[in-house]
Every structure is written in C-alpha cells, then in structure tokens.
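In what follows, a single structure is set out as structure tokens and then discussed.
Labels run A, B, C, D, E and F following the written order; every chain starts at residue 1.
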Amino acid sequence: MEKIEAIIRPEKLEAVKNALAEAGFIGLNVVAVTGRGTQKGVTHIGRTGEKITVDMLPKIKLELVVKSSDKDRAIETILGSARTGVIGDGKIFVSPVSQVIKVRTGEQGEEAI
Amino acid sequence: MNINSGDTAWILASAAMVLIMTPALGFFYGGMVRSKNVLGTIFQSFIVIALISIQWVLWGYSLAFGPDKWGIIGGLEWVGLRGVGTEPNADYAATIPHQAFMAFQMMFAIITPALITGAFAERMKFKTFLIFILLWATFVYDPIAHWVWGTGGWLRNFGALDFAGGTVVHISSGVAALVAAFVFKKRQGFKTEPMEPHNIPFIVLGAGLLWFGWFGFNAGSALTSGALAAGAFVTTNTAAAMGALTWMTMSWWRNGKPSVIGAAAGAVVGLVAITPAAGFVGPLQAIFIGFGAGVLCFLAVQLRIKLGWDDSLDVWGCHGVGGTWGAIATGLFATTAVNAGGADGLFAGNPQLLLVQFAAVAVTWIYSFGITFLLLKILDRVMGLNVENEAEMKGLDISQHGESAYQY
Amino acid sequence: MNINSGDTAWILASAAMVLIMTPALGFFYGGMVRSKNVLGTIFQSFIVIALISIQWVLWGYSLAFGPDKWGIIGGLEWVGLRGVGTEPNADYAATIPHQAFMAFQMMFAIITPALITGAFAERMKFKTFLIFILLWATFVYDPIAHWVWGTGGWLRNFGALDFAGGTVVHISSGVAALVAAFVFKKRQGFKTEPMEPHNIPFIVLGAGLLWFGWFGFNAGSALTSGALAAGAFVTTNTAAAMGALTWMTMSWWRNGKPSVIGAAAGAVVGLVAITPAAGFVGPLQAIFIGFGAGVLCFLAVQLRIKLGWDDSLDVWGCHGVGGTWGAIATGLFATTAVNAGGADGLFAGNPQLLLVQFAAVAVTWIYSFGITFLLLKILDRVMGLNVENEAEMKGLDISQHGESAYQY
Amino acid sequence: MNINSGDTAWILASAAMVLIMTPALGFFYGGMVRSKNVLGTIFQSFIVIALISIQWVLWGYSLAFGPDKWGIIGGLEWVGLRGVGTEPNADYAATIPHQAFMAFQMMFAIITPALITGAFAERMKFKTFLIFILLWATFVYDPIAHWVWGTGGWLRNFGALDFAGGTVVHISSGVAALVAAFVFKKRQGFKTEPMEPHNIPFIVLGAGLLWFGWFGFNAGSALTSGALAAGAFVTTNTAAAMGALTWMTMSWWRNGKPSVIGAAAGAVVGLVAITPAAGFVGPLQAIFIGFGAGVLCFLAVQLRIKLGWDDSLDVWGCHGVGGTWGAIATGLFATTAVNAGGADGLFAGNPQLLLVQFAAVAVTWIYSFGITFLLLKILDRVMGLNVENEAEMKGLDISQHGESAYQY
Amino acid sequence: MEKIEAIIRPEKLEAVKNALAEAGFIGLNVVAVTGRGTQKGVTHIGRTGEKITVDMLPKIKLELVVKSSDKDRAIETILGSARTGVIGDGKIFVSPVSQVIKVRTGEQGEEAI
Amino acid sequence: MEKIEAIIRPEKLEAVKNALAEAGFIGLNVVAVTGRGTQKGVTHIGRTGEKITVDMLPKIKLELVVKSSDKDRAIETILGSARTGVIGDGKIFVSPVSQVIKVRTGEQGEEAI
C-alpha cells in the first residue's frame, strides 16, 4: 500500500476532492500547511509601514493511502484536477505504507483502506 | 429661540448612538464575508465615516438642508458650515443648536452610503470605492435628503411622510445596491463555491450595536426629548423584535433550523421597515410592520438567489425591500392619533397618503437607480470597479490594504 | 403633568444602554463556552430580546405594572399597551412619558431571563428554551416585578427596598439558575473534561459593555436626571470596581495568578450587589458592598464546584448570591441621608429594614425556586430539556442552528 | 443653585460614554499585540478602570479638584468624597450634581494611565504594573489635573487653555510612554522578528468605540448641554475624520497601500489633537487640526522606529505628539467668536496665548518626564519592570494570568 | 523504527493520549486534520438558507515514532482506547522510518525516540 | 529520495527556514502541531480556579523532501539552527519516498523536488 501526499493550492481542494471521489477514492485527510517553493510569497505591510515579505503561502496537504495497484490512477486524478500550469501548483510525494488498520473493526491490510 | 438642554442632550446622545451604527455595520457585514475580505469590508464602513464627515461639513449639509432652490436642492450658502452656528434653526429644530441638528443629520449621511457596501463586498477596487462614495453622497443622497426633509423640498411639500429615513436612507441605498449587483462582475465562484460567513459572532455584535444605535436614529428623529421620542423608541424596539422572530421562524420552517444569522438579519429589517413610520404609528402597528418586513425580506433574498444576482450581502433584499415596505406601511398605518404633526393613513381613513407614499417610493427608486447606474458605469469605464481576478482570489485585505486580519 | 425633557433624555438613553446589556451578556457568556456552542449561547441572549419585547408589549407590562389586583399581580387592563400612552403616569414616573417608563422597564424584563441562560449553557434544546423563557417571564418575572415595584405590590407596601432589581432581577434569575443546575442532565464530561472558555476577549468585551449599560440600569432607575441619578451612578461604578479588584485578588491568593476572567466576573458581581442599594447608599458603602460581593461570590463558585452542581457559567454563584448579598446589604447600609425617599438600615439605627429585606429575599428565593422547578419539570416531561447526546457532542451551533461560528 | 436635568442627563451619558473608552482602548491595543499577549494587554486597560475608580473616590479626586493649596495640589478635605455630595459645586459646574462632575472627571483619570499601557505592552510584570499605575495617577495625573483644571490651579490661572485634556490626558500619558520606552528592556526580537497585530478587527472595534466615547469626552467637557457641547461635538467628529483620511493617505503614499490600521490610528490622533481645542475652535479649524495630527503623528512613528525606541504601540507618537500639536493648535486657532469663555489665539490676533500654550506644554512634558522616570527607575530596582525572558516568550497571558485567550 | 499515524475522533484524543502514556509512549505529535471516509458529513445551512453538506469532518491525526519491537503494543493501545464501534473511528497507518535524531543532543537511532 | 520531518520549537522556525534556504533547500512545508515529549507542559488556570496542566506544547513540523545525497546536509542544517540545548528541542525523522511528481509540469523524480 502507498501513501500519497499531495501539496495543492487551497482553491483547488474542492475540485481535487470531487475528482478523487468520482474515481472511487473516498477516504482521505486534509491538513492546512504553509509551504515555500519557487513561488514567491505575499507582501504584508506592517503596522508601522515596513514591508514584510512572507515567503510561505497557505497550501493544502492531501493525504490518502491507496492500494499499490490504485496508485497511478490516484496520481493521475490529482494531477488532472490540481494543475493550473502556474508556479505554485505543488508536489506529490509517494511513500510506502507497511500496515493499515481500521480502528472500528480492527481489519487489516487492503480491506482496511 | 431658546436652546432646551434636555432636547440637546437627547440629540447629541442620539447622534453619538447613530455614529456607532456605522462601525457596527462594518462588523455585521465583516462577519458575513470570508476571512480574507474582512478588513476590506469593515474598512469600507469605517472610512465612509471619515469621508462623509468631511464632505458633509464642506458641502453635503448645504446641498441637503441649505436654502432651497426650486424644491430640488439646497443652495451653496452653507458651504463649509458658513452660518451654521449654535443658534437653533427653527425650520428644522427650534430647541437645539443648529450644529446639533447638522451633526445628527451627518450620521445619517454617513451610514447610508455605508449600507451599499454590502452589495459589492469582496470585490470592489478601493480607489474607485472612495470616488464612488463621494459622488453618490453628493448626487444621490444629498438631493433625496433635500426633497424629503429639506425646507421647501418637493416631496416634503407633496406630503410624503418619512420619519427617520425609509426613502432617504434605506430605499436609496437598497436600490443602489441592486444596481451594483447588476453592474459589477460577479464574484468568482458565485453559486458554485461556498462563501459562508467567517465569523458569526461578529454579525451578532453588529446587529446588537445596530439595534442600540437605532434608538438614536429613530427616537432621535423626534428632534425633541418627549412624547414623540418615547413613542418612536417603543415602535422601533417592537418592530425589531418582531422582525427577528419572523425571520427566525421563516428560516426554521424553510430550512429546518432556526437561523442565528436569520434572526440578526430579521432584527435589522424590522428596524429598516419601522424607520419611516416610527413616529407615526403605535406599538401594535409596529408588530405588524416588523412581521411584514421579516416575511417580505426573507422572500426577497430567496428571489434574489433564484434570479442569480450577486448582491453579496443582500442589501437590496433587506434595505431596498424593507424600506419600501416601511414607506408603504406608513401610508397604511399612520395616524394623527399618535402624532398630530403627521397624517392619517389608509386605515385611519385617508387613502390619499398611501398614494403619496407610493409616489415617493417610486421617485426614490427611479432616481437612485438611474443616477447610481450612471455613476457606476462611468467609474467602471474610467477606473474599473472590480479588483483583478488575482486580487480577488487573494482577498481584499492583502490585495487592497496589504494587511491580514488575523495572526494566531 | 408635564414631561421634563432632561428626565426623558436620561431615561431613553438609559433604556438604550440597558438594551445593549443583553447582547453584551451574550458575549460574556459566549466567550465562556466552547467554540462549538458559542452561537447557541449568544443567540439565547439575542432572541430573548425579541421574545420578551413582544411579550412585554402584549401582556407582560400589564401583568407587572398594570392596575393592582390583591397586591400580587397587575390586571389585564394594559394588555397590548392599551392606555399606556405618552402622558406621564404619576404612579411610576411623573416627569417622563409613560411609554418611556414602560420601555425602560422592558429592558429589565428582557435581561432577567437572559441571565438564566448561563446555567444551562451548552445543552438546552432550543425549542424548549423558547417556551421556557415565555413561561418564566410570565409566571416568575412579571409577578415578582409587580410585588416589588408595582403600585400596590405587596412587597413594596411591606417596605422592601430594591432600587434597581436585586430581588426582581438577580435573585429571581440566580435562583432559577440553581434549579436548572438541579433539573438538567449534566454536560457530558462535566468534571472530567476541560471545558475552558474559547474566547476570553469576548468575555471582557461583554463585561465592559455590561459595565457601561449598568449605568443606565441603576442610575436610570432614579427615573429622573438629577441628584439621585448621579448618586446611583457613583455607587454603581464604585461597587463594580471593588468587585473586580476583590475577585482578582481572591484568585491571585488562591491560584497564584490574578485571573482576567475573575476580574471580569468580579466587576459583574459588584454591579449585581449594588443594584438594589444603588440609590440608598453612599460611595464608601458601595466599596464595602463590592468587596462583599467579590468575596462571597468567589466562594459560592468554589462551593458550587465542590458540590458538583453543573451551573455551567455560575449564574447562581454570581447573580443569586450577589443579589442576595446586595439586598441584605441594603438593609445594612441604606440611609435616608442619601435618599430621603428610601429608608434607614441597620447601621443608620433601624434594624427593622434588615428584617424586611431578609423577608423579601426569602420570598423571592422560594417563589422563584418553586415555580421554576415546576416549569422545568413539566417542560422536561413534555418536550425534553437537554439536547440529545449526539447533538451535545456536535455542539449547539450545528445541532440547533445548522451554523458554525467561525470559518478561517 | 439648581440642578438642570438636561445638563445632568448629558454629563451622566457622557461619563458612561467615556467609561466605555477604556475597554475600547483595551481592544485597540489588544488587537495590535501578538495573540499570546492579548489578555495581558486588554487586562491592563480593564483593571485600571477598577483601580483608579477606587483611588479617585478615596483620594484622587481630592488631590485633583479639592480645595487648592498654593496652586499646585488639591487638599485632602475631600478624601473619601467627604463633602462631595449631590449639590452642585459652582466652581466646577453650577447646574449638575457635584458627584456627576466628580464621576465624569473620574473617567478621565481612568483612561489616562490606561493610555500608557501601550508603551510597555507585551513585557511588563503585572504586579509592578498595579503599583506603577497607582503611583503615577497620584503623583503625575492628579497634580497636573489640578494645575490645569482645579480652581486655583496655577496653569489655569496662567491662562492655559485645555478644553478636554490635551495636556492633562494626552501629553502626560504620551510623555510617560516615551520614558517607559527608554527605561524598559526592549522586547526580545524587537526589530528582528515580526510582531504584527493578531486581530485587526479588534483594532477597528476599539477605534469605533473610542470615537463614540470621545463625544462624551469632548462634548461632555462643556459640562452643560447646549451650544458649547454641540460645537465641541462637531469639531471632535471633524478632526477625527480628517485624521483618519490623512493617515490613510500618508500610508498609501509611503507604502503603496491605504492601511486599515493607519486609518484607525489616524482617527485616534485626530481625536487626540482636537481634545484641547474642541470647545474653542470651529469646524474648519478642526479639519486643519486633524490634518496636522495625521501628518505629524505618522512622521513621529516613523522617527520612533528609526531611533529604535521600543514604544510597543506608539503611545508617544500618537498621544504625546498628537496632544502637543493639539495644545499648540489651540494657541493658534482659538477664538472667542466660538467660545466667549475661552481666549483668542494667534490667528485671532493674540500671540500671547500661543506662548502660554507652549509654556503649558513644556511644563507638562518636563513634569511627566521627570516623575515618570523616577517612578519607573525606583520600581525597576525594587520590584522589576520587565517579566523574565521565559515569561515574555510564553506570553503575558499564560505567564501573568495563567489564561490563554483562544481555544478553538 | 516505525511511524504510526492514527486518525482518530477528536473526542477520543484525551483517552488515547492517556492510554499511550500509561503504556510508556510519551513522545507524540498531534495534528488537527479534516477527513473524509465512509462516515457522512455534517449539514450546514448557508446564510441564505441553502444546505451545504460538508463531507469532511474534523479528525485528529496522532503521529508517533516507535521502536519496531514496540509497534504492535502501541497499535493495540490505540485500538483499545480509540474504538467506539461506530462509523468514523478512523484508521491507523504504519510506515518505515529509516533514521531518528534528537535535536537537543544529536543522538541517533532508537536512543533518540 | 528522502522525506525529512523535523519537529522544532515554533520560535526557531524563522532561523531554520533561513538556514535551509541558504543551504539551498527552498521547498518545504510547515504544519502547526502540538507535541508531547520529555518536556513538561504549561499550567493553565481554569475559569473556576482549577489547575489544568496541558501536557501538549505547540511545536512546528517542518517537512521537506530531498535527494538522498542531500539528506545529511539538510539534517546538519536543521540541527545547527534549531538546537538550544534545553529540553523540548524536538526530533528529526527520516523516511523513504518512492516517487515525487511536480504537479505543474508532471516531471518526476529528483527533477521534481
């Protein structure tokens, strides 16, 4: 099983979530993060007028664990719905998961996803 | 003419109470927008206080209340408050300093354009906004105020009743809001993305302070401290209460749960509707007026959504419709038994007044619609009304002011 | 009878100031609950304004202040405010419009049931809540108000002093809160889970606005604008200040740190305790009354916890105990040197008054306890008091109103 | 001497309005600090209300307004308000109860030390704070108030004009703030870490309520309800408006965007600057005074940063500089055409007054600077001013009060 | 070493934390997430009355890194304290961790946990 | 490729972010977490005076994915800038990442980081 972590634009969350649901990926988690990348940040003006460049931008991290066989389809789905083509679109990271357990039933493995 | 200290105390206190209504409105609106736009929204109310305070002193008061020209506008004789001193002006209020009357009226001139800001919330360019407010105050508010309240104003002479601003304040701004909903580009994601209020306690805070301030608005409009003020105080409170209960009940019946925002909005529309009638009707009529406001404004909001107009915070549905209902209800319920200085309405046997009220409403609708449309179209051409897409996405707080409301 | 414009100005301003106390209470309470219940809590205050405003106009005022029947209730002669016009009613206030007096009293009738809402915060069914408030106002508040303040009311005739509502407002609601703590199911997790205030600035905002409004409450209760009002203004402020300092000090001594919430609560209990005494004592007595309130209410809260009662926001400890202390302190400190229209208390050589005050306190406790118990038990049977467990877990905001207070 | 009910109504309402300014200040400041310090900041305002209310009743009022001793201090004859009854005191206000005057003045004595708290925000030990405030009120505020406003006070006899507290309130506190910036250790991370406001809506809420309350502050200082109050009301509003527009424009021009915080601060400095002049000038002069305040205070803040002083929330730049400008502007613009009881300033042909005003400003600067310096140095030695580094890092809320403002 | 990520109900956080502490697992992190699963969401009513079904519910993600030998015990502890048996109980994901370093001391490996 | 998760003190975030940027590590994510470790918590005083010991403290979790060859340098950089030597400095966890994709371009692997 694989964990897919996708860093996306906050404004794309609805689209990605819906696309994933259509593709059959219901289970997922969302975390609000702030991220730094090639995209430049936002400039705030401080109380006393100084410019404060915030190099971090609000992003959404989507986490979902999928069967290894579903991995590529899930990635395709995310890419298809999250891309705008402008800097700041984000990244997808995939890493192995050795065990999955459903708390309610204690089921393990792919059943539990 | 002698200044009466009690009357003056009441009008000064009332003016202060009406002043607090505009920041209150900022919170009422600011709570309704998304958190990225809260400063932009609150600020549109806050800065209007500053802007119109100066406009009013320099030329606004003179246009609205200065020596009448042909029934349609005040002259420039009082520009810069020349001749507007502390001696009472018996044409307007014989027992308080003229400047007290001027200051009280100023607060009305402030809140009226601030009301419109709800219509284009979350998307207007700040620079254009400032110009728009100045122009609107000068070309829409000041003339209408003159017609209805100015000595020699033609609607006043025509017999239209407007105790505290149903036409002048609420219809004028509510109709301007409707025009804005037509002329502005819709917000990105309108009807497809949720745009829910980011801070409902702020909405209630705003509504509470508005309710408080409205006593100054309506009971202060008696311009004396006595029977008329007390009566207006009671009708004001009663209509607000009934408006809140009615909207809450409507939301319960339609959506299955009694809405907190709905009750807050209901109180406001009850207050809107009683405004023109406050000093002309009794408490039981006020119940009916508040009830009508709750029902009609609730339905107006539903209609607005169905028609797909992006009046961001329903200024038209609340102030336009509520003010119209109030002005007409004045024609129905007014009675000289309550206020000998007023007139009898339909139910007191005088259908005439109702026609006059209809006419006053129609004129205000048409005038505000027309001039607002013109102003917005010109400004759109010259400076642009909507912020850029990117700026709208980032939110007004950062894009227009470089500030971010919350840091936790 | 002539209307005095200064008196009227002061009473109208006071009525507006008391009105703002109820939303303020909403914030005071709303800040104390968990964020999932903030709307439910604020709204219980807000909607009471609407509900009682209508109840008062329709029948409440008549029951409380209408023509006396056997010393225990007002008649129905003034239902719908029939006969309650703008002429002064010399029985109550000879220099202001009768409707001004009515409106001022209305604000008291509103805030009293709102005070109770702290007792069952975070768990009451909204529908039952509405019915409860209507019944409580009608069967508890209106009669007690009549006894103490109505012309012909038996406690008034008996000689009990209550300047601005120690028994009528604070004991009645504080004891009702105690009953609620007994009758309601405790909150899930009470005493095992932390249930800390979600927004302490809101608590301070509420306390600040309550302090402001209380000047209307107490100094307005002079019903004229002169010496008595000024004296009550000063004692009110002094007791509030001393209450805040005392509670802060108690918390410092007991818990090692001076508590912000404690100081806010202390100001409120100082205000509660001075309420019945405000126009009968001087500033130095007010210091003592505020001090006593700070000590006693602080201890009452500790006791309440030890006894395991779930009075969610300590309404009994603050209003029940504070009001009782205030009523008794009136019997100790009142002096005709301050107010010739009052009476002398124990320290002015008249032990009699103290007994009368004790009796008035006892009667109010017993009556409010009994009727509130009855009402709650019946409503529990008929409609249910507590929300379902699931709804309580989700919070009142979503479960009762379908709204969520904050979206960041 | 007869009590005038209208005058009394206005002064009592004004006193209540000034009271609300101190919690408002708490929000204005509290919004500006980081979220870990919001309670500590709001509370420093809130508890000052309690502390000074008691100090004022016990000895403060007597020192400030009691029977004059050698022109420099009031005697102890009025300690505990002995002899301060409800009869008017014609030396101060002939038509209102003496206690009403006392209470109104109390609100000024409260807000003045509260203003200083912005200077050492985010770092002062709470225990030392309490002692400091008591000492400062007694040794700085009370004497200066006596000099300027007390019967027989030497600055008053000297002819200095200060309508509502330019020197007494704003210079005294603004200069004390400067001293604090020098004596306190800087905040950790000052100039290297961002320390941005955590809740800008709170800043606007505070500014809105301050604006509202300032009508009581300035127009109430007429001590009667009539022409003078109305005039002061208008100048107050006008200067606030112009201050807001000016600061907003300055920030726009310097930083590319119109700042919301800037407009809020601008309104406040406009109010500060008009305070000494409110009853001596007309509306057009008020525009100029507000404009000057906006420009000068904006620049003062820039200067303060360049010089690296850690006046946390710019109390000096706003109140010290704004108050100084206002006092001098009074010397420029005052005219007996507006207020026969005042004096003519430079532009009305009397350069003398300007010199007097300069002298009054200098005296206030020197006295407040010197005594505040002494007090802080002694307290630093005896109890310590700054909290420990660790406590500062955790924030005042947890370290000083054991409470945390928000739980979501 | 293994990283255990447990998605649990917010109201179970205290219980799970305490159970873990009793079982000797002190070190851990908590992140507020919102999650989607088989559990249906909450219905909000919008300002203008429209129903908004939020398919995401607030959840807590607990993260702890444990020695491989402790893994099963930790999982048992979480299952024991987080389960209610009702839909929405959450999931546990286990994944490998190759290296652990304690920032304060620079210690590495199992010592550092 | 490796994922580095560093739990650090919130007040060290600026320093660590800047140190990483100087060392060439621009891309990263930040999540606000609360953590429990050997450090004791903060004591709150409840509304009614009871002491509430909060065993969780606010921490920052920094996540960055780096080339395997950069891993040690990144860890050194974090250790160098996050350490205070006092209990509560935090932990660093390293785990394998099998795949990285840049959403904007679809690039994969080390290019995509």
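Just so it is clear, a contact is a pair of C-beta atoms (placed from the backbone, for glycine too) under 8 Å apart; a residue touches a chain by one contact, two chains touch by 3 or more.
The shown structure was predicted, so the numbers you read here are calculated from the model rather than taken from an experiment.
Participant: What is the shortest path, in steps, from subunit C to subunit D when you may only step between chains that touch?
Facilitator: Step count on the best path from subunit C to subunit D: 1.
Participant: What rotation angle takes the CA atoms of subunit E onto those of subunit F? Round to the nearest 5 degrees.
Facilitator: Here the rotation carrying subunit E onto subunit F measures out at 120 degrees.
Participant: Assuming a repeat means more than half of the contact pairs shared by residue number, which candidate in A-B, B-E or C-E repeats C-F?
Facilitator: The C-F interface is reproduced by B-E.
Participant: Between B-E and C-E, which chain pair is linked by the larger number of C-beta contacts?
Facilitator: Result of the comparison of B-E and C-E: B-E.
Participant: Round to the nearest whole Å and give the separation of the Cα centres of subunit A and subunit C.
Facilitator: Computed from C-alpha means, the inter-chain centre distance equals 52 Å.
Participant: What whole-Å value do you get for the distance between subunit D and subunit F if each is reduced to the mean of its CA atoms?
Facilitator: One centre to the other, that is 46 Å.
Participant: Which residue numbers or ranges of subunit D touch two or more of the other chains?
Facilitator: 4-7, 9-10, 13, 196-197, 199, 225, 255-257, 259, 261, 401-404, 406
Participant: Which residues of subunit F are in contact with two or more other chains?
Facilitator: Within subunit F, residues 31, 44-45, 95-96 contact more than one other chain.
Participant: Is the way these chains touch best called a line, a ring, a star, complete, or other?
Facilitator: other
Participant: Between which chains is there touch?
Facilitator: A-B, A-D, A-E, A-F, B-C, B-D, B-E, C-D, C-E, C-F, D-F, E-F
Participant: Which of the residues in subunit D come into contact with subunit B in the complex?
Facilitator: 4-7, 9-10, 13, 17, 34-35, 196-201, 204-205, 207-209, 211-212, 215-216, 219, 224-231, 233-234, 237-238, 240-242, 244-245, 248, 255-261, 263-264, 267, 282-284, 287, 406
Participant: Which of the residues in subunit D come into contact with subunit F in the complex?
Facilitator: 193, 393-394, 398, 401-404
Participant: Would you tell me which residues of subunit F are touching subunit E in their complex?
Facilitator: Per the stated touch rule, the residues are 2, 6-8, 31-38, 55-56, 59, 61, 75, 78-79, 82-96.
Participant: Okay, in this complex, where on subunit F does subunit A touch?
Facilitator: Within the complex, subunit F contacts subunit A at residues 3, 17, 21, 26-31, 63, 65, 95-104, 106, 112-113.
Participant: State the interface residues of subunit C toward subunit B in the complex, per the touch definition above.
Facilitator: By the definition above, subunit C touches subunit B via 3-10, 12-13, 15-16, 19-20, 22-24, 26-27, 30, 38-39, 42-43, 46-47, 49-51, 53-54, 57, 80-81, 86-87, 96-97, 99-100, 102-103, 106, 126, 199, 202, 225, 397, 400-408.
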